[in-house]
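Structure below; questions to follow.
By written order: A, B and C. Residues from 1 in each chain.
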Amino acid sequence: MSTQTLSRARWVRGCILRLLLCLSAALVCALLAGLTGYILLRGLPHVTWQLLFTQSSVLRGTRGILPNLLNTLYVVLAALALVLPLGVGAAIYLTEYAASPRLVRAVEFAAETLAGIPSIIYGLAGMLLFCQLLGLGTSLLAGSLTLAVMTLPIVIRTTQESLKSVPQSYREGALGLGSGKWHMIRTVVLPPAMDGIVTGCILSAGRVVGESAALLFTAGMGMSLNRFFASWENFAHSSGATLTVALYVYAKERADFDTAFAIAALLMLFTLALNFTAKWAGRRLRRRKGERNE
Amino acid sequence: MSEPALLSVRNLELWYAPAVQALRGVNIDLPERQVTALIGPSGCGKSTFLKTLDRMCDLVPGVRVSGSVRYRGKEIYDPCVDVTWLRKQIGMVFQKPTPFPMSIYDNVAYGPRTHGVRDRPRLDAVVERSLRGAAIWDEVKDRLKKSALALSGGQQQRLCIARALAVEPDVLLMDEATSALDPISTSKIEELIAALKQRYTIVIVTHNMQQATRISDKCAFFLAGELIEFGDTTQLFSLPRDKRTEDYITGRFG
Amino acid sequence: MMRRTPRPLERLMGLFFSACGLTAVAFVLLISLYLILAGVPALRETGLPDFLLGRQWSPTAQRPEFGIAPFLLTSVYGAAGAVLLGAPIGLLCAVFLAKTAPPRLAAAVRPAVELLSGIPSVVYGLVGMLVLVPAVRRCFRLPDGAGLFSAILVLAVMILPSIVSVSEAALRAVPPEYEAASLALGATQIETVFRVTLPAASGGVAASVVLGVGRAIGEAMAVLMVAGNAANMPSLFKSVKFLTTAIASEMSYSSGLHRQALFSIALVLFFFIMLVNVLLNRLLKRKGG
């Protein structure tokens, strides 16, 4: 009878492979832990009230990132306000209206293509289209428009997924009662798909907060406080650096690494927060879906 | 019993979860070089029982087994038994044909390669012998390098049998191996089983009682996780000792 | 029966949704159109072969030369290096998550991978610039650690998450019957994963690698902060410029033909990315079918 234990070569090979698997996973975790730990340790001590609530002043020699915080907030809100109706609308068109399969394919291909374009190209295209063609100049509005185009595929995809998960019977029920298509969508399709739209928003917000290359030439590097809530002029025409762009400027052009790390720490915290929110929303979505399927 | 028992099972119990018992106190001796058919209604535990014989049931999370299964006198649930050795000795063919998404040749050579055969001429010989053994050589000898997924269902199933034969097993377990096939493919595989029992011990699970009478020497009837009756096929179908067996084979339930 | 005409609001909304769908298509067309319009003049001026194969990039010299071979090769080498380094690790990590890790552990590692993908690229750049670059300098006793090697390391980390998540999904999609059949032949779990599951998932794994290539070619800011930014022909420890970083670093001060040449670089980059995307979609579709 043949041997009853695994041949030595096979056993050794198996052990080596198992070890490699564990090592690579450990490496990924160590990378994340190392990065997060290092950035927070180096950055958080420099996050002060002064940094958060003033603007940088050369005269007084102080650093403040309030303008950049506000710029980021503004760009996130504006980009979301622009992309939401567009993305949700496109997803609704794809799942509810589109009649010709060729058109559906064209729109889906467009969304896939948009998802693959690197952000530096968005930066250039945004500069050509919004800053020059539409005459917006280097401004927060141009930056927001660019990022709206960039996040469009994210919103389309998540919305489309959640729309598809709405049972067909809901639609048939509503149409059977004689409601119009839009009425049907508004009353029985959109409400259960809300979680997916929210997830799309959070993912988009994450992408916008972390984006820099697409903003360099569209929203620019202005570091002073914009009173964009004061007038449309400010709103549309003043350039402003978001946190990520400011990080780049402080690190690369001003060699002020303490401020750069403080911004990095803030960005890490935002990323963590958005990630957990997205996860929470996603879990709710799945739970709801589970209920629906039962 | 007159024949020497190859697999001898004592007080086998199996739980899928603490409250879900699938096998209850099974005792059976499976004889060498004979075809044993396991019959019974769906969910009676016959497939589960088959999976305990090569420990494929270990793959189900949370499963618990007690009792004893001896293969050639060796306790297979002994912790020091190497399952890869056991599964090489006791091959299995599944209900759905499951060729790997590779060429026909690579499918058959998979087992020998896994067990350390690297030598090309030897592999060629094993592949040819196994494909001939599974009565499919003539149909595929010109396209050994083509994908196995292009074969018909019946051919795929015979390929899977060839793949199981390639590791030179002692026992062949077949879990409803013909239930997904058309009648012509089924009869081909039945002929194959009749030929294979000259060299292998075969245990099949089947839903089809005609099939059991056609191809098996011994037959075991399972009901609700218990082995109700085990004996010669002719005797079990003509003169069942147990009332429940009689009810089942005369079609009162199941 | 009388056919009722749709109410005006209904028609309006229908039009609105169609318009939304078409906007996505319009954006792609507009972006392509404008990149071509902006990129072609400089290509005409210098000639396509000279532009692509020229080894000298000196846009501000007395007699300016616009050869982007250094950038092209750097981008190709950079992406190749990042994939060579990142793909095996990512793939092994995906196998670990999908097949061998205890479920609890996998549930803890998976969010780590997602978080890694959420970190902004400037943050990678910052850490690369202040930790990695000095470390490379000390390790290899170089005058400056900023260069292709540092860029490859940063890119490898940045493409890890996409490789892990796409490969893991592909591995999970492999039918369990394959694995059962392999185990029944006496293969161990590890042998089964590497010899049956991985080959069966090869389409998705290839897609993940292509996705990684796309990410690596398109990344700008992190690379800008660690690659040194001199227009050298690529060499492992030399300061280099990528296609993306050439655009990012020079756009702000360029003018005239130089500026147009930068748009041409963008056009070349766009062309590359479109190729990668087409390949990616092919792979993903084939896996689905």
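Quick note on the criterion: a contact is a pair of C-beta atoms (placed from the backbone, for glycine too) under 8 Å apart; a residue touches a chain by one contact, two chains touch by 3 or more.
What you see is a predicted model, and the numbers here were worked out from it, not measured in a lab.
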item: More contacts between chains, A-C or B-C; value: A-C
item: Most central chain, Cα average position; value: C
item: Most widely separated chain from subunit A, with each centre as the mean of CA atoms; value: B
item: Between subunit B and subunit A, distance of the C-alpha-averaged centres to the nearest whole Å; value: 53
item: Gap in Å, rounded to a whole number, between the CA centres of subunit C and subunit B; value: 49
item: Subunit A and subunit C: spacing of chain centres that average the CA atoms, whole Å; value: 17
item: Multi-partner residues of subunit C (at least 2 other chains); value: 188, 191
item: Numbers and ranges of subunit A residues touching at least 2 other chains; value: 6, 10
item: Numbers and ranges of subunit B residues touching at least 2 other chains; value: 84-85, 88, 115
item: Residue ranges of subunit A touching subunit B (in the complex, touch as defined); value: 1-7, 9-10
item: Residue ranges of subunit A touching subunit C (in the complex, touch as defined); value: 6, 10, 13-14, 17-18, 20-25, 27-29, 31-33, 35-36, 38-39, 85-90, 92-94, 96-98, 103, 106-107, 109-114, 116-125, 128-129, 133, 149, 152-153, 156, 180-183, 185, 206, 209-213, 216-217, 244-245, 247-248, 251-252, 257, 260-261, 264, 267-268, 271-272, 274-275, 279
item: Subunit B residues within the subunit C interface of the complex; value: 54, 56, 59, 83-88, 91-92, 94, 96, 98, 100-102, 110-111, 114-115, 160, 163-164, 167
item: Of subunit B, residues touching subunit A in the complex; value: 72, 74, 81-82, 84-85, 88, 115-116
item: Of subunit C, residues touching subunit A in the complex; value: 6-7, 9-10, 13-14, 16-25, 27-28, 30-31, 34-35, 38, 88-90, 92-93, 95-97, 100-101, 109, 111-116, 118-123, 125-127, 129-131, 157, 160, 164, 188, 190-191, 194, 214, 217-221, 224-225, 244, 247-248, 251-252, 263, 266, 269-270, 273-274, 276-277, 280-281
